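Consider the two complexes below, in which subunit A is the common component and subunit B and subunit C are the respective partners.
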Partner chain A sequence: MSTTFLPCGDYHQNYKQEHAWWQTQFIKGKMILLFLSLFVFIPLLANGYWIGVFNMVGYTILGALGVQLLIGYCGQLTLGHGAFIAVGAYASTLLILEFPWPKFMMDWGIAYPLSVLIAGIVAGLWSILFGLPSARVKGFYLILTTMAAQFITVDFFLTQYVSQIGGRGQAFSLPPGTMKIGPWVIDSNIRVYYVMIILVIFFCVIMANLIRSKVGRAWVAIRDNDISAEVMGINVIKYKLLAFFVAGFMAGVAGAFWISNLAAISPDHFTWYLSLSLVGVILIGGLGSIYGTIFGSIFMVVVMELLQLAVMPLSDTYPKLMMDFLFIKEAAFGLAICLFLIFEPNGIGYRWWQIKNYFNLWPFSY
Partner chain B sequence: MKSKVLVFLSSLALVAGLFSIYACGEKPEEKGQAKVVVEKIHVGALNDMTGATSDVGKDYALGIAEAVHYVNENGGINGKIIKLHQFDYGYRIPEALTKYNLFKQLKCVAVLGWGTGDTEALAPTVARDKMPYVSASYSGHLCDTSKTPYNIFFSTDYSTQVRGLITAWFDKKWPQNPDYGKRKPRIAACYMFASPFSSASIKAYKDQAEILGFDIGSDQNVSLFAIDTKSQVLAMKEFAPDVVLHTNTVMSVAATLRDAYALKLGADHIIKCWGYDENLPKLAGPAAEGAIGCAPWAFFGQDVPVMDKVIEYAKKYNPGIALKNRTIHTVQAWANVLGLAEALKRADKVGDLSGESILKNGFETMVNFEVGLSVAPATFTEKDHRSQSEAKIYEYKDGKFNMLATVDLKKRWPDKWANEWLGW
Partner chain C sequence: MELFLMTLITGIMVGGIYALVALGWVIIYKCSGVLNLAMGEMTLIGAYISLTFYSMGVPFIFALLLSIIIGLFLGILTERLFLDKLIGEPVLSVIMVTVGLSFLFKGIVELIWGTDTKVFNPPIFSIEPINIGMVSIGEVYLWSFIAAMILLVIFVCFFKYTRWGLAMQATADDEMAALSIGVSARFVYAAAWAIAFMAAGVGGTFLGNINGLNISVGYLGLLVLPAVVLGGLNSIPGAIVGGIAIGLLQNFSGAYLDRYFPGAVKEIAPFAFMAIFLLFRPHGFWGWERIERV
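Here is the complex of A and B:
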């Protein structure tokens, strides 16, 4: 599913071609168009609202990539991923607010990027801690242990102790100008958008490469049958923990990115609903697919916004409709999960793959 | 076939959404010369009908819509009408951010916000966008204009409420205790640690308790969703507090009062505004007897100026909801809407409805401005957005909310009010 059929008449001649990122000139052209769209056309054409919506999509993708890695590629069920996003967000915030950075690091915009990296590492290590039970338990029981991560991390650790650092009370607010990357202060939706798009592309590339490496193949083997994987000589515990670390790292970076979007955090940004919705995203998008993560996130955010905009013109006639929209949205999200599980269990990613291949093989598709 | 139907439905939703992006914009016929068009002022409203604070949020949301109808039907904003864009965001901060961006897209000039978590989270953004944000969060953190210049509300802030509650209990109730003069009074607090709303005034509570010489017990973590709080009450029982402070919303406060009553805690209860409404006696039963709370507004139906309009519009626009089920939270919503409407009128008079003008020519020109509804006169300055220094304290007794005291912190501690307490 991760591979694309080449257009009719095109064949790989060697392994290098088979492993190439962009396998034909046409694909290269499509990717250049995609990059242009992401970096030029969307920022030029979209207004502040849509840029804000895209930022939410990016945040969801960054959060869901880790869930995809754990569930979709490594078979480790998780329902506590919001906790690792929270750890990343708090680590980055505290590093910016409390760490005595040399002045030049703040002035040159090094502090925030460095805090993002450290936030990823801290969240990755924290994730390993809650991944340890995966050595002994799996399936439903692992869901429960990962859920514990949510409650222990957010409701207890972050709320009771971390939030009290500096005596600010529950909410941490970052003063204007503290989030800076090089000479650019991240102080508008459009700048947040560029940070988001770079992070999303970076992590999609990293993950795509990881999946087709030795590590990725070990994860997939563990997902498909952990006993067989062990028999083949894969150190199951090591690779499971590595999956938790990488997923936690990505979650930590997602959290650190989130603070650039709002410049403020409190524990209730990271409710259990966040963890649950990230699982919903990959179920809709498709398990074991990076495309699926992206499409699931777009579905979760953009389609819901479009649905809302669709009912907005009716608000003059039915004023309560807008107030009740959250019910509609939640119901639509729940219904979408059910419908996808029944009618398209492989998710939107699979549908995209089919459409793409239909055109690639046209007119001789089979 | 089934998947085709699925694709068709999804496409339909997408097309309808894209179409409505245009539909939401200015309609061509509105520019026509023959048609008389009333100018609209767009205002956004974030409310919680389904989330953690929906127990009090529903009534507040109804009040917002009714009050906007009242303003529009009584001259509007100097002839212009308010177009309200009201959304339920389920007390979720990412949802609040998306909705806030939508308000900007809809060219809203101000936002009627809701909870402390999202209001504090959005504070840097609204300051950057110069968007007046009239919240139902009365957190003291939002009053310091050096940090949150565009946040405002028409109420006693949480910290002042809590200081007033402790002071009123200390003045009125503690002298009646047999141990008065023999030992220090003991106080403990129940609130949800993770909630910025519940914990917003905890620092002020501890400070005030120290000022008045209390022994302070350990805090008890009570979720906003709590329906059983026996373990917290039993933990407090060892400390034997004379008075317990509650800063959650009414559902969990009622649960704590019931358990405290059942387990014979023997303490008085003092409650912040969102936990103290007409539903408290209904939910807590006899355990609510003697409960003391802060209510900066009149209770629903009390005989005070403008209340007749509140009742009239409640009947007119929500006839399906019996008046006996309406609460003080409707009145709170009216106070914020009427305050915002006044600010909009003042800004409109100078011909500038930008966010900065609404703040400078609207809110910050208010000196002892009265919205009615028994709300203390509001004054906002360039440096201080604490609208009032009075905490109105009530006691629930014999089936009624009776005024117990009015504590004016500015008069009692003028130095601390002016120099220490702003912004926390």
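Here is the complex of A and C:
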């Protein structure tokens, strides 16, 4: 799955055109329309419930981007990404609650953005710590060490020690008004939505640019064959750890962003199943593509919501159904992962690429 | 000293259950090369099936047998429906199908049996501990250890002396050679999953007898992963030793380290140990070391 073909009859005439993000006028128009709908139409037209669903999608995208980077681009299998999201969320919460911020920083709303940044860095460093085994082991063994990261971080470290800080018990709740970016207090779904959309676009752009730079090429080389990558002169360990840092950073920011929506966190939000489902998201969406991540997240959240809407009318006759819906969702998600791997191992992203190329190359598809 | 002995014996006994489940894991890996992450949920399913039969009034032994038989069919079904289609696909897809399966199984278990803790009622094993010499251990531990050992012996005999067992060993050793002398690889894969499901069911039933049955028993089933890493992924004796070692490690850390790190150290210790162990000996004690070439 590489770059999309240009429409029939369009050619590049210099390198600048080839490196451009938006290669034709049509794509430019399409992207502007996309941004318009993201920033204007969706907030205008969608009601609170659907904005909440979109926020969930955004959170999943932010979390899954890091997994995509590790698995899809660098070939480092990870099943413990929920731990780094948790670290980010807790770091940000603790910074807001416990750190003696100067008064003016709280008033001007610098505290929360700064804590998001620090949370990202902390989660990145934590991720490097658990990425260190990748220097020696890979494949299934790396899955096991990242699993260990999940259990050690969330079930032991966060639950037993970090949650005790400040003597609040298990769950930390953030008083309203502390989540403040500049003059805006993030207190409604729509404001969370704007933060989400800016973060998602920012990280997608960062990631896309990383992938097409020297760093990204090194990652892809390591994914395809790490021994030949080393032979070619790539410092494998350095780039692996860099991948872990970037992925951890994204996870940390995702966690720190998500507390603005939850307003209370506990270790229960970051179970092993979160990590597993993030991997499921990128498998459904397609490995090695950024829009695959986005499609996967949309599939996971929106399709499951639609499933819920479909089940809703039945709830009068079978009241137990609504109660058990969470479990139906879980089973359906697992089944979706299995079916995608069996019937469409390249994921939704690949189908999207095929459709796009079909229209681009029409009517001369050769 | 008494604490030490008691921890030692409990550890070995619980480790016997882990060894049984780990054996199922290793059989799947040896025969078909599938790294199974759904083992925890497989133990859950087996445990809940025997619990259901037991609460319907079936005697415990027969409930266990019924869960073994149903496990056989479930194993074959799982293999035919999901894993069979993926022969020859990259390792990642195969691992991730088992992740999908673990979601599926977990959802189904919660859907059918709910999330509340259920106990075997009336209790099968008396709470009165049995005194052996100077230590006393719970009856359930003793019986599960005995059952696990009996099953282990049965499995080992199955592999050594029966036609099917030999066919499975041959496939595990060299699939191409086995195919050329007429062993059906598909049959072997199905049999491996069936055995794993049966072993997991028995292990789960006993684990459920110790502290009651809920979703977290599936987490105990996950402890087979440290066990098989310790023993080596493709070694059956390794799985047994690894299982017992993990049982010991868990109980000793619970008994001695809890003072210094209060809380969940018992649950974490096997995984922390595994992460460190992997750094030094990734192929375990008895596994094959693979030499990689470009």
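Operating definition for what follows: the second predicted complex is superposed on the first by the 363 of 366 C-alpha atoms of A that agree within 3 Å, B and C clash if a C-alpha of one lies under 4 Å from a C-alpha of the other, contacts with A are read in each partner's own complex, and residues count from 1 in each chain.
One rule holds in what follows: a residue touches a chain if its C-beta (ideal position, glycine included) is under 8 Å from a C-beta of that chain, and two chains touch if they have at least 3 such contacts.
Everything numeric here is computed off the predicted structure, so don't read it as measured data.
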item: First, second, both or neither for A:159, with subunit B first and subunit C second; value: both
item: Touched partner set for A:267, first subunit B, second subunit C, both or neither; value: first
item: First, second, both or neither for A:228, with subunit B first and subunit C second; value: second
item: Touched partner set for A:33, first subunit B, second subunit C, both or neither; value: neither
item: Overlapping contact positions on subunit A, where the subunit C interface meets the subunit B interface; value: 155, 159-160, 273, 324, 326-327, 330
item: Of all residues in subunit B, those that touch subunit A in their complex; value: 2-3, 6-7, 10, 13-14, 16-21, 23-24, 47, 49-50, 61, 65, 85-95, 97-98, 101-102, 104-105, 116-117, 120-125, 128, 141, 147, 193-196, 199-200, 202-203, 424
item: Of subunit A, residues touching subunit C in the complex; value: 71, 77, 79, 130, 133, 136-137, 139-141, 143-145, 147-149, 151-152, 155-156, 159-160, 225, 227-228, 231, 273, 276-277, 279-280, 283, 324, 326-338, 341-342, 345
item: Complex interface listing, subunit A residues touching subunit B; value: 47-49, 52-53, 56, 59, 154-155, 159-160, 167, 169-171, 173-174, 176, 187-189, 261-269, 271, 273-274, 301, 303, 305-313, 315, 319, 322-327, 330, 339, 343-344, 351
item: In the complex, subunit C residues that touch subunit A; value: 35, 37, 82, 85-86, 89, 91-93, 95-97, 99-108, 110-111, 225-226, 229, 233, 261-265, 267-268, 271-272, 274-275, 278-279, 282, 292-294
